[in-house]
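Shared chain: chain A. Partners: chain B in the first complex, chain C in the second.
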Partner chain A sequence: MLAALTPDLIAMQLFTGLALGAVYVLLSIGLSLIFGMLTVVNFAHGAFYMIGAYVGLYALSIGVNFWVALLLVPIAVGLIGLAVERVLIRPLYGRGIDYPLLLTFGLGYVMIEVVRIVFGRTGYPFDTPELLQGAVDIWVGYFPLYRLFVIAATAVVLIGLYIFLEKTSFGLIIRAGARDPQIVRILGVDVSKVWLIVFGIGTGIAGLAGLLAAPLQGVAPEMGATILAEAFVVTVVGGMGSLMGAVLAGLLVGVVVSMTSLFAPEMAKVSIFALMAIVLLVRPQGFFGRAGLMS
Partner chain B sequence: MLKVEALNAWYGPSHVLQGIDLEIRKGEIVCLIGRNGAGKTTTLKSIMGLLSKTTGSVVFEGQELRGRPAHLRYGAGLAYVPEERRIVPGLTVRENLSLGLVASSLKKREAELIDRTKRIFPRLAERLDQTAITMSGGEQQMLAIARAMIAEPKLIMMDEPSEGIMPVLVDEMFELFKTMKAEGQTILLVEQNVELALGIADRAYVVDQGVIVHEAGAAALLADAEIQERYCSV
Partner chain C sequence: MSAELATTRADLAPSSTGTRLLDLAERHRVLLAGLFLLVFPLVLPFHALAIVVLTYGLYALGFNLLFGYLGLLSFGHAALFGGGAYLCGIALVHAGVPWWLGILAGTLGGVLIAFLIGIIAIRTRGIYFAMVTLALAQCVYYLFYQAVDWTGGENGLRLPSLTTINVFGLQLNFVDSLTRYYVIAAFVFASLFILSRILASPFGAVIEGIRENEARARACGYDVSRSRLLAFVLSGGFCGLAGSLQAIHLAIVPVEMLGIETSGLAVMMCLLGGMGTFFGPFVGAAVFLVLENLVSVYTVHWQLVVGVVFIVCVLFFPRGIWGSILHWSRR
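Entry: the complex of A and B
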């Protein structure tokens, strides 16, 4: 077994880790954005991810093209997110962090149950789009094209988000509002509208992550539950509320999982939490978190 | 321009403002003085619409503001520079200034308004692309004032602008207030530095335990050692 551990294999595994990490990144930036702005710990985030996969599955089943679905799914899931914020979460602002946490925790289960009722308890396979099947030579070996696509799609989302946050007025409002919501309010900004949109963006990206992950693992009502725990680890490691932290920690966690599964497969799931424990011991606020954010 | 009548405010169960009446006319600098905890900051916050429980009437430019959220009051021409500067840490000086325009109808004129700000605040002009938090306390306070002014508000309310700032910058700031007044800017000023504040103000209200206990012309109040002793000495 060890004899097979060539540098090429390790390099391949690194790429596999990055593809896995890309999905973590997409999930965690939404979690982080929502937490940083709204101080809502969104326990329904995994359910939005799962809904994304199901909306994609449904769209494809009625003949929508995969590329169109890539655009449609985040919009559809984001709209569900808008409704959830407006109707369920908004009344809980100002009541402390635990109210929205419990609400979204319960909402996640409701969403899973609704999907079970509509689509059945068993999962579905999700075909890799034809154009993205097969493998490409990436110098160290042949790598599945679709995984490469997941990495690229994540990069596009991140670049888009970066431009949105750094170069637009609305992005300026988000960056300022995350630090000091009262200041943006007295400068004329309707903060509740900003929170609504941020929740929509965060859940929309989660939906996209679900669709992107679907060809890798299939679609099932519970698919969001495990990955949500992992995404929380990523946000904690990266620092709650930090987008840069979510990106770096997401890729790191992906690579750590993928490397441990190469050397000690039985340790793969544990390795994430071990990593979190180590980071928390050394740097309790995570890579880029601000100390005392929860207080 | 601003008429406040029977303004009451509560923080939880404590009844902080117990019927404040005050009036500010166009072009005036009006000063709110009184001890710590007298209700000066609460008065400004209530006028801005930042407190959840208030009663009474706040009429600004003929419009009743009661029940209107803070962000709409900014749109109506009311600006507020809160205590402790409140510069947004991660943003540059320019971004902090732009923030004053994001929700304003003057957004289209952003370049021109930033140019004007650069002329009024030469210290900020040199530091436009610097992260705001790296500036000195006084410069940050100047930025907070510049940000509140950029959308050309009709009334600016400032809470303790001189607090914790080096004397030379305090002088510069009060010179600026005089210039602003000369250009027709109306200002409501809460200031611990009573002598300095009364030196530039037209009138002043003395607040004690949530009510206005005295109103006078600034010069008269400056000469009135007894009132100052009774309500303002720490």
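Entry: the complex of A and C
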């Protein structure tokens, strides 16, 4: 077994890790975006991810093109997110910091159970779109095309988000609101509308992540529960509220998982929690978190 | 809310009979709980339900010590509950120890897991604490899931079913559900007594002080991190004991006991019953489990009820059932 460990194999595994990490990046960037703005940790984020996969499954089953679904799914999931923020989370602003956590945690139960009622308890396979089947030569070996596509799609989302946040006037309001909502409100901006939209964007990206991950692992009502814990690890390692941290930590966690599954498969699931424990012991605020935010 | 505060307030206000009764209940809470435990199985449709109300109530009580009294929200208590159950099971199956030693092993197991999670998670606070405990509990889940030789992995761990147990030389028929209930109730009663003493002790005042104003508690010279860790470890002891009792009662430890849904159950029961109240966790456990029993007759989707209870409690009913009773009667 060890004899087969060529540099090529390690490089391949590195790419597999990046593809896995891309999904983590999308999830935790949504978490961080929402947290940075609303100081709410969305414990239903995994459920939005799962809903994204199911909306995609439904769209494809009624004959919608995969590429159109890539656009429709984040919009549909984002709209659900908007409704959730408006109806359920908004009444909780100004109350204890734990209440939104409790509410979104319970909301996750409801979303999973509704999906079970509509689509059944068992999962479904999710076919890779025809155009993205097969493998391509990436110098070190043949790599599944779809995984490359996941990495590329994530990059596109990140670039889009960067331009939106840094180059548009609405992005300016978001960044200002993350720093000091009070001042932004005094300057005449309807902050609650900004929060609403940020929650919609964050959950929409989670829905897109679910759709992108579906061909890799299939869809099941429980798919969001396990990845939520992993997304939390990414967010804690990267530093809460930091988008840069979410990107780097997401890719790092993906690579750590795929590398440990190469060298010690039985430790693959546990390795990322060990990583989180080490980060918390050495640098409690994470890579890019503000010091003091954690304690 | 401490008993002292309640009595002073009652002295100032013209006290009604209801207030006086509740103050009496608060002062003699363990005695009252003991009397209630004696008659409880007689009012429920079957004894097995009464037993799971006790084990889940004890589990929620352990959680409440941390969330209700110290103010730390943990979404990882399944690791303490399920971990205690597994360690009790492992002691019984692999080491062949007598039942009471198994329960001791499970309780200490809960303490140990709480200590290990605690030293990492206690470095964070508030929202982060909830996230980190959730993640670490998932880690514990994988560890037990993969140790198939010890834990049975996906199939869960089957325990030898106890037919008779030896209590101080007395042979008790453990198959009889009422006997089983009272054996488990004795452990719960002891836990209630211990918790009552903890809350009445200076340490109990310190953790409530940390919940109310951490900076002030620190300025008063209390070691906040150490108090937090100690409360977490104590919470682990209660949850480990609850898990052990559950394991002995069911004669199996399903791997779901370590899952995120189990963590959520403790939070939900505590929220429903009233967090930070002495009887709240048991009220929440009893109401929810009876409700679940009724609902599962009609539908398999009772987890929907869990989620709806969360949302309704957070939005409209944050004091919970017992907390609201206390609030209304003291107004």
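As a convention for this text, the second predicted complex is superposed on the first by the 293 of 295 C-alpha atoms of A that agree within 3 Å, B and C clash if a C-alpha of one lies under 4 Å from a C-alpha of the other, contacts with A are read in each partner's own complex, and residues count from 1 in each chain.
As a working rule, a residue touches a chain if its C-beta (ideal position, glycine included) is under 8 Å from a C-beta of that chain, and two chains touch if they have at least 3 such contacts.
Please read these numbers as outputs of a predicted model, since none were measured by experiment.
Shared-chain residue A:L101: touches chain C; no touch with chain B.
Contact with chain C, but none with chain B, is seen for A:K269 once the two complexes are overlaid on the shared chain.
Legend: residue contacts after superposition of the two complexes on their common chain; A:D8 is shown touching neither chain B nor chain C.
After overlaying the two complexes on the shared chain, residue contacts for A:T235 are found with chain C alone; chain B is out of touch.
Looking at the shared chain after the overlay, A:D180 reaches chain B, while chain C stays out of its contact range.
Annotation for chain A, partner touching more residues between chain B and chain C: C.
Using the contact criterion defined above for the overlaid structures, shared-chain residue A:D127 touches neither chain B nor chain C, since it reaches no partner. The residues of chain A lying in touch with chain B in their complex are 169-170, 172-173, 175-176, 179-180, 182-191. Of all residues in chain A, those touching chain C in their complex are 35, 39, 41, 43, 88, 91-92, 95, 97-99, 101-103, 105-114, 116-117, 225-226, 228-230, 232-233, 235-236, 240, 266, 269-270, 273-274, 276-277, 280-281, 284, 294-295.
Listing the residues of chain B that touch chain A in their complex gives 48, 50, 69-72, 74-75, 79-80, 82, 86, 88-91, 95, 98-100, 102-104, 107, 147, 151.
Those residues of chain C that touch chain A in the shared complex are 73, 75, 120-121, 123-128, 130-132, 134-139, 142-143, 146, 259-261, 264, 267-268, 271, 301, 303-304, 306-311, 313-315, 318.
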